[in-house]
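Structures for review follow.
Below, chain A partners chain B and then partners chain C, in two separate complexes.
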Partner chain A sequence: MLFSRRLMFGLAMASSLAATLAGALAVPAMAEGPTEIDLFFPVPVDGKLARDMGTLIKEFNDGHPDIKATAVYTGSYDDTLIKTRAAIKAGKPPSAVIMSANFLLDMQIENELTNLDALIKADGTTKEQFLGQFFPALQGNAVINRSVYGVPFHNSTPLLYINADKAKEVGLDPSKPPQTWAELTDWAKKLTKREGDKVTQWGIAIPCAYDYCGWMMETLTMSNGGRYYNEEFGGEVYYDTPSMLGALTWWNDLVYKHKVHAPGATPGPAVSTSFISGNAAMMMLSTGSLTYVRDNAKFNYKVAFIPRNVRNAVPIGGASLIIPAGLEAGKQKAAWTLIKWMTSPEKSAWWSRATGYFAPNMAAYKTPEMVDFLNKNPDAKTAVEQLDVAKPWFATYKTVPVRKNLEDEVMLVLNGKKQPKEALVAAQKAADETLKPYNADTSLKLP
Partner chain B sequence: MKLIDWLYKDTPLATRGEITPKLGFLLTVLLAIVWLIPFLWMVVATLRPASDGINAMAELMPSLKPTLDNVRDAWEIGDFPRYTLNTTIICAGILLVQFVTITLAGFAFARLDFAGKSLIFYLFLMQLMLVPVLLIVPNLSLVARLGLYDTLAGVMMPFFASAFGTFLMRQAFEAIPTELEDAALIDGASLIQRIRHIYVPLSMPSFSAFAIISVTSHWNDFLWPLMVINSPDKRPLTVGLSVFTKTAEGTQAWGTIAAGTLMVIAPLLITFLIFQKRFISSFVTSGIK
Partner chain C sequence: MSLAEPATLPVATSAAPRLDVPKRLVARFKASLPAYLLLLPSLVFLALFTYGAMGRVLIDALYQRATPKAPVRFVGLDNIAAVLADPAFTGAVVNNLIYAVGTAIPSIGLALLFALTLSRTHAVSSALRAALFLPVLIPMVAASALFMFIFLPNVGLLDYYIGRLLPVLPNWLGDPDIALYAIMIITIWKNAGYYMLFFLAGLQAVPEDVMEAAHLDGAGPYQRLRNIILPELKPTFLFVIVIAILNAVTQVDHVFVMTQGGPSNSTNLVLFYIYQQAVEHYDVGKASAATLLTLAALMGLTALSFRTMANREGGP
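Presenting the complex of A and B:
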């Protein structure tokens, strides 16, 4: 008797639970409210920006009662890619993502992106008019096969940061920063302080951690006259080349020959910390760190172009806004409204002042707040000026693994475990292997 | 010679070849100090005012004018009480279901006879060799199809069965003499009653050891909750904390990070301090078996 009563109770519980579940599932379909969209974003510089992002999205929601956007924090740039891909594969694509600019090609190859041409056309603007708002250097990472796939949101270039006070101490003139690798090596030697065998102040610090390391290698290779990858085709990288060998050899020499750069692969935050604390007199770092340096440096600093060996050239960094493939029309339209609003001159100028990234929208620099800001902080101009010599950020099929193929080897070199030449040969071999399936499908597939 | 004499003074002759209690104690203290340094640094960095400058950040000497600014900053950026609640729900939920599944599965592998038992057991153990990252996409699409995307239940689900736990319980149950079960059988105890009144009480140390491992690993898990959870109010502590620590282009507010980290580990740390004796004894006994 007891048993059957228990069974009855269990059945009653189960059926009421099922009813509740069914009710919960039915509600969203019936409710007529604002279109709900989510925006995936990585935190670019510092935790406080997560709060700034909240402010930005709240402002958008207040101005657009028919849309309810939620900002979803998604980790680092690499984590954001993993999460976006997993969400797309699970059938729950986010409506918009702030995606590292160089992941767009790989996502397009995998059919994970919405082609934005139709949305641009529906607004009554041409592609040329739309792209014309942004700095030309940024278009390489946003346009694939002449179609628009991304909208530049916050972008960066690497910069040379100099501790002006320390430069003056050793008789260097910070108003004439080093322009070539030879001058930079000379500066770094003069700025390195030793007590016996122990170094108390390093001449220069260059970051090398996943993501950053590949970007710095591209920077050095480009200013050495070379290229990192085929800008027009996603199946080729040029790791084992003279320009790359020269770049890595110079970096290696700074560490082991001139002993002006601390040995080992140093992550970005450690580099900026050591510059701010005076432990390193110069550093190469993103303009995205400029606001942090401005707020924390207790000394005069100076930012300059990345010095050249052969030519002045730097890669673009930062992120673009994308719309994943497979969204329903209503969400797609709402996401497009959000993207246009976020990349408008006023909003991108505001974000630029908060972060240090430069605003990709050229009209941002004509807003009164920005003119005023640049007058007070002339150091924010350097990255914009450097855009004249900027080129796209490396983007290939399977960008992250191909980048790691090189980064693993560069780290071995900086840790003193390998010589540049053998490291680059190994990196090339590994990358060719990673790119093989794509090449088999495209460039090696003959009729 | 005097030092050695002192170290060996009250050791029985038979164990003189082994590490003496005093030397062992010395080594323990040394290890404890090494372990304590990063923790002390975190506390010092949390209380250090930003005006001390980043230079002082690496120092272990506490600041003369301690401040709670960093704690306030971290507190404002992240909704820590909510994150702690979410993490607690996740860890407790996983553990409760695991207790049921590993007890039953462990018992089946230890005491029941069925065809292909060893083969199934080894297949089961192979799960331990898989890197969790490998399963992210299949797990996520399953979770989404079950309607559990962006829910705490979705975070917990893949961990309801544990290969490690099953293995641990199988070992524990096998060590229990079958005579005890036979006696219960004579008294007419059902299968569930035998598990409930004989196997479970006698394997308590193994259960607590497993609980510690399960809770700490899910407390620290980052990638899987990041994949499943979208809503800010469902974030667990690790995802909430990474808002400070995962930077893309190279700057960090160490004071805030230290304060945030301290808040994240505090609940686990306090639990450990309270139940210290139990924790240690559970590992020791389960180790002897």
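Presenting the complex of A and C:
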């Protein structure tokens, strides 16, 4: 009797467990109503971007009763790639992702992206018309092998931020910002303050942390007339080249020869904090930080083009909206509706004003709110003007490890552990090793 | 009808020799069935998430991941060889050893110091205990985010105070020579309070009368510590050392938040290396191989520690 009671108890527990499991499995099948979609979004820069995203998605849901979108915060750009891949592997891909524009090639190579050509065609428009809405400089990272894989959403270029008050103090004219590396070096020297050997104010700060460092190297290399990678083929990078050596040598000189840039690798938030607190008089940073600077700087500041050594050129940064592969048709369609809504001139303009990123949709700049906003904040124009000289963001097979191959070496240089030449030779060797499987798969049988 | 009852049942049935063998087995099975049923949920989860995962790792380690154009293929021990030949892995192992020793010794030392100082309960000591224990309650991720601001070069709290004294401001997280030690500071700060709890518990077990007798015999504080307290704390020490070593390998939240293994792999730890291989390089084979090596090392180390404990005290 005693045992059977215990047995009953055990069986009851087991069956209740089974019932719970069965219940949990049965529920989704019965659900009807709006199509539920997830949007993964990263926050790579300073500011209140996460709150703005909530506002945007609420507005979308209010206007689209048949779709229920949920915004899911996924960390940095790198984290967002990782989380998206994990979700795809687990068979539950998010319906849309704001994905760092330079990861699209890598994802396409791994068959993780939905080709958007069919969705564009179903809307009764052509690829050319669809892409025509966006600044031409952005298409390099969105189109792969002549198919559309991403829709530009918020984009950036690097900018030179100048503390105008401090520039005036030392007799520099902030309305004529430095245009060449030589002039920039000169400005940085004048803006560096010392007490004995100790620096109390740095002339310039350039971020170098994973992700940012590679982008800044691309910026400097492009201004030096070179390029970072092969735009047509995902298996080649150009680290050990004269143009990149010149770029890294100049950066190294700012630190160790002119002593106007703090040694060591500095993350983006530390650079912007340094600038805001007056500890650094100039900085090179994304236009994505513009709203943060505007809201927090207690001094007059000025934004300018990135100075050139050989030519004016900057890489595109920022993110595109993508639809991962393997979604059911209903969700895919709902995600496409969301993407088109988010990249429309009005929404794209609103987002640009909220964050500091520029709006990829050219018509955004014709909306009355945007015209008004630019009149009040002329600093927001600089990034858009710089688009004329913008080029695609580096994108290769295994973009993140290939980028880190370079970043690890650049960090050693900025810490005085290596000279630029040996660092770049090592970076090239490491990157070639990382790219080897792709090269072996595609064109070459490497030794 | 207590839950512990089934454990004693086999003894009861073996004392009933009249039953023949199958019946006895059936009876035993019937008797212990509820116990097994109660264990079942845990067993299912353990099998699924611990042993199943381990089995999967074992298999994955033998295969090379498919590239977009080449399928998965069996490579045997190649992945293990590749991991052992990877300077990033050997670097991570060295970093991890420095990290383990460098965090275990100071945090255990501090914990013992705290515990000895605060072993008697009165108002001040409980308040201090709570204060020292507080870091344990702060999630590692939150603590790391906090320390990121403390470590900010030039403008951070640390540079603000210490920077005035130093000729050159260190870039705490941006200098490959310093970053690992900067990260170790957080671990020590977090773990000292945790280990203090074990030592406090250990000190409670030191017999009052022995201490009193020693006191009457004229033993000074140092002699009492050396000859009574420390020997009594031996099992606690061994236990805390095992925990500290396991922590050194399993805690990587701060690496994630603060440095991502950088600059230049100077703060890369073994677990973070595994994560990098699996998700950044998308190389499950190599990640599994590194996991197996780590698992083997940890199991060996733990077995060794438990044996030492068993030999010394006849049981932990």
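By our rule, the second predicted complex is superposed on the first by the 440 of 447 C-alpha atoms of A that agree within 3 Å, B and C clash if a C-alpha of one lies under 4 Å from a C-alpha of the other, contacts with A are read in each partner's own complex, and residues count from 1 in each chain.
Please note the rule applied: a contact is a pair of C-beta atoms (placed from the backbone, for glycine too) under 8 Å apart; a residue touches a chain by one contact, two chains touch by 3 or more.
Note that this is a predicted model, so its numbers are computed, not measured.
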Item to check | Room on chain A for both chain B and chain C (clash or fit) | outcome: clash
Next on the checklist: After the superposition on A, what does A:A86 contact: first (chain B), second (chain C), both or neither?
Outcome noted: both
Next on the checklist: By the touch definition at the top of the document, which applies to A:N296: first (chain B), second (chain C), both, or neither?
Outcome noted: first
Checklist entry - First (chain B), second (chain C), both or neither: which does A:G288 touch? => result first
Checklist entry - What is the contact status of A:V400 with respect to chain B (first) and chain C (second): first, second, both, or neither? => result second
Checklist entry - Touch check for A:G124: first (chain B), second (chain C), both, or neither? => result neither
Checklist entry - Thinking of the overlay built on chain A, is A:P65 touched by chain B (first), by chain C (second), by both, or by neither? => result neither
Next on the checklist: With both complexes overlaid on chain A, does A:Y212 touch chain B (first), chain C (second), both or neither?
Outcome noted: first
Next on the checklist: Which partner chains sit in contact with A:Y73 here, chain B, chain C, both or neither? Use first/second/both/neither.
Outcome noted: first
Next on the checklist: Touch test for A:P368: chain B only (first), chain C only (second), both, or neither?
Outcome noted: neither
Checklist entry - Shared contact residues on chain A for chain B and chain C? => result 82, 85-86, 267, 269, 273, 277
Checklist entry - Given the complex with chain B, which residues does chain A contribute to the contact? => result 25, 38, 42-48, 50-51, 70-77, 79, 82-83, 85-87, 89-92, 94, 100, 156, 207, 211-212, 267-269, 271-273, 276-278, 285-286, 288-289, 292-293, 296, 298, 317
Checklist entry - In the complex of these two chains, what residues of chain B are touching chain A? => result 53-55, 57-58, 73, 76-77, 136-137, 140-141, 143-145, 147, 149-150, 222-223, 226-227, 230-232, 235, 239, 242-254, 256-257, 260
Checklist entry - What part of chain A is in contact with chain C in the complex they form? => result 2-3, 6-7, 9-11, 13-14, 17, 78, 82, 85-86, 109-111, 197-198, 202, 208-210, 262-267, 269-270, 273-274, 277, 279, 398, 400-401, 404, 407-409, 411-412, 414-415, 417, 434, 437-438, 441-442
Checklist entry - Any idea which chain C residues touch chain A in the complex? => result 1, 6, 30-31, 33-34, 37-38, 40-41, 67-70, 152-155, 167-169, 171, 173-177, 260, 262-265, 279-282
